[in-house]
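Per-chain numbering from 1; labels A, B and C assigned in written order.
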């Protein structure tokens, strides 16, 4: 069985790779592109630590086959900051101490960014339900929710 | 001489006594004395114990001084998570 | 090293909330965790695991696996020499089964191959001949004399006769005359409780990258709470000197006690040794659930007597804990902590640790305490309900204070329990009105905390910046707190300090990051190291000025003459002294090696409001408040974080999390879909109220805070649910089907 050749764009850059049919997008991001920001917490789409965007849509990259990336636009945590300038969400997470061990943070940031792009003024309940697919075991979610809401307010003013 | 409180399930080794007296000025001397005088305590002491001296818990320190009027409690070796 | 109140400290940096030094790396995905590192020529390691709960391993045929193209090494338990002590031998036998597979998921053989694909295929080619044996997974069943025996000959000398060999240890604590105490009570309640095993639930599965060269030198990268523990255990298993093995801890994606031991590292080292190449092993989530270290499951009987006006006259608890297939030691902590919040004349607790065909338990935040306090606080609450007494008033009436003879032996020094109870009573949450099907519950919590072996090195750079090198993985933001304490002590800006976690070759031994010990003991060590550097810098200034070193003091980040008599010299800042250090005696540093004691116990009180849906049994947490004594909160955001995080783990434990075993002894829910941890939509904001009753054993008054928060939620939630649903529940988790069943049974 030979490997598949895939052409795609990741964080705005054109990339191509070879993959096995059963390899996931998460596998390829981490093992071939050295983009280790997305994490494998469960491999079954239950924890959200592998969250990326696929054509702007929030997905679990462990549930996307690498081959499906053909011709698509992928957004990972590595593309969230603009060079040295952190995205407001990243900065607010730091300000609010919204991370402890940080393993869920890339996935939550990607998910929160997708939320604010879709709904710039979410209520606390909307934020909580949107992030229900991203598990955090350290923080109890309190400071994460505050950081996201604070960012929404800040971005609304801008 | 220092009074040492022994926990309930070890008292079979001290003839049912919950408190014994030993001659010791440091934690190491105390544990050595206990093992010698009450050989039934030796296995537990070798497995590991903590000592609460005047309300402070000590896990490993041999040379912690003990005053004659100190409160000394034998406790299982502390673990955390 | 005692509390430094000589100058009635006005902290400049301690108590503020600066940004953590590793923060940018973590929000940009740059931080490297266990599975994020690779090495040239690296092989993929995988472990074959038993599908049976209990089986004799008659033979393992690895020939077909070895013959597969791309397979470079295969190991089983036979490839390891016996280790000198039971503790380490058990750890090794838990990684790879020796003679018997003892639980569903127990490692049996391992391979290293050139790719993930080949590795998976190779595992399928290993043929294991199992002789299936009867198994036991329930704690009470495992104690019976006729229970299947998991391991023989492991019972300690104190275990009473007449029980199964599975009972490996027995403890008894307490004081006073129980019979007389119960005779004084106006009301006595006896209840039995059960809790299921839970998992720490860290989002990062165990991962390591091992390299062992032909000359025996080894390098190990792994996510761990204790790189020195990993080094010592692996060196003992592999027959190496400690100095030959260097362990570097990665950033860690959660531990909570579950990463205070090893499950894969010895296997990776052995595979690397055999193949001559680096080997990376990453556990899958299913492996994490089946084959790492969950908590015990427990079965507890509690009996408490109370007078009509709320005084507890006697308390008794019998606790039975199963810790999986190897002897564990947590029931003694449950038995000691169960009644710790109370001042009692008569108290007795008995505990048994039991073997079962389940994975070997590991610590989980205050190991042994949550399930014990759950049972006791539930009975206290029930007594309050029946006697129509205010639950907070009853706690205050019976609260342990300075001078109380504790239930586990020592007399308490200054403790913060009363202050947390008073803070809870005064808080608006306590008097907020409740609606229909809503209930309020509370619980006290307690943990011992400890100090331990710690080494810190503090180096002053010629540009006036400072490096702090410590050896404790940062699981909750400790690098920030340590940097803050160094900056405070030195009198310089926080951003002039860089704190790093070094590998095991860079410092002497550091105990594991556990026991709520890091801010306390690494902080204490850092402060002492800073003071050493300060002494050195004062000495340099003295030489520059030509005066006695005794005549120089340190204030606001600079050396200055102690008085007009010493001489008129303008202060020399740290940066100035550092700039000339190469000419005044060489590089400037301070260091500390020692065993910290005097950590001080920590109390907390949790208050929670829930609403129970009487038709589905679903429970919604409406409001949650935490009151805890931190001694001195160095970085309040991270203290709050510990409180909130621990409370939510406890909420999960109370409402939904459990290990479910089938009749066949196999784990049925080895994934996050069916092992249901709390998600963002389950919870409200969690209010943390930090109290500060300084710990005399620390120069800034710091107490450990990390573990206590997981202790109160189990009973707090159970008490709230019981009151809201009108029926007393005595089994965790209180998942909707169980709550509904209890509601229906009460109606019938």
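FYI, a residue touches a chain if its C-beta (ideal position, glycine included) is under 8 Å from a C-beta of that chain, and two chains touch if they have at least 3 such contacts.
Since this is a predicted model, take the numbers as computed values, not measurements.
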| item | value |
| --- | --- |
| Contact-richer chain pair (by C-beta pairs counted) among B-C and A-C | A-C |
| Chain whose average C-alpha position is farthest from chain B's own | A |
| Chain centre separation in whole Å, for chain B relative to chain A (CA means) | 54 |
| Centre-of-Cα separation between chain C and chain B, whole angstrom | 26 |
| Centre distance in Å when chain A and chain C are each reduced to the mean of their C-alpha atoms | 29 |
| Junction residues of chain C, two or more chains touched | 200, 256 |
| Touch list for chain C against partner chain B, complex | 156-158, 170-175, 200, 256-258, 260, 329-330, 332-333, 336, 348, 350, 362-367, 408-413, 448-453, 512, 514-517, 595, 597-599, 697, 707 |
| Contact set on chain C toward chain A in their complex | 17, 19-20, 22-24, 26-33, 35-36, 38, 116-117, 200-205, 251-256, 282, 284-285, 475-477, 637-638, 640-641, 644-645, 647-649, 671-673, 677-681, 683, 685-686 |
| Complex interface listing, chain B residues touching chain C | 5, 7-10, 12, 18, 40, 43-44, 47, 52, 54-61, 64, 71, 73-81 |
| Residues of chain A that touch chain C when the two form their complex | 20, 27, 30-31, 35-44, 46-47, 49, 76-78, 80-81, 86, 90, 93-97, 99-106, 109, 125, 127-129, 131-146 |
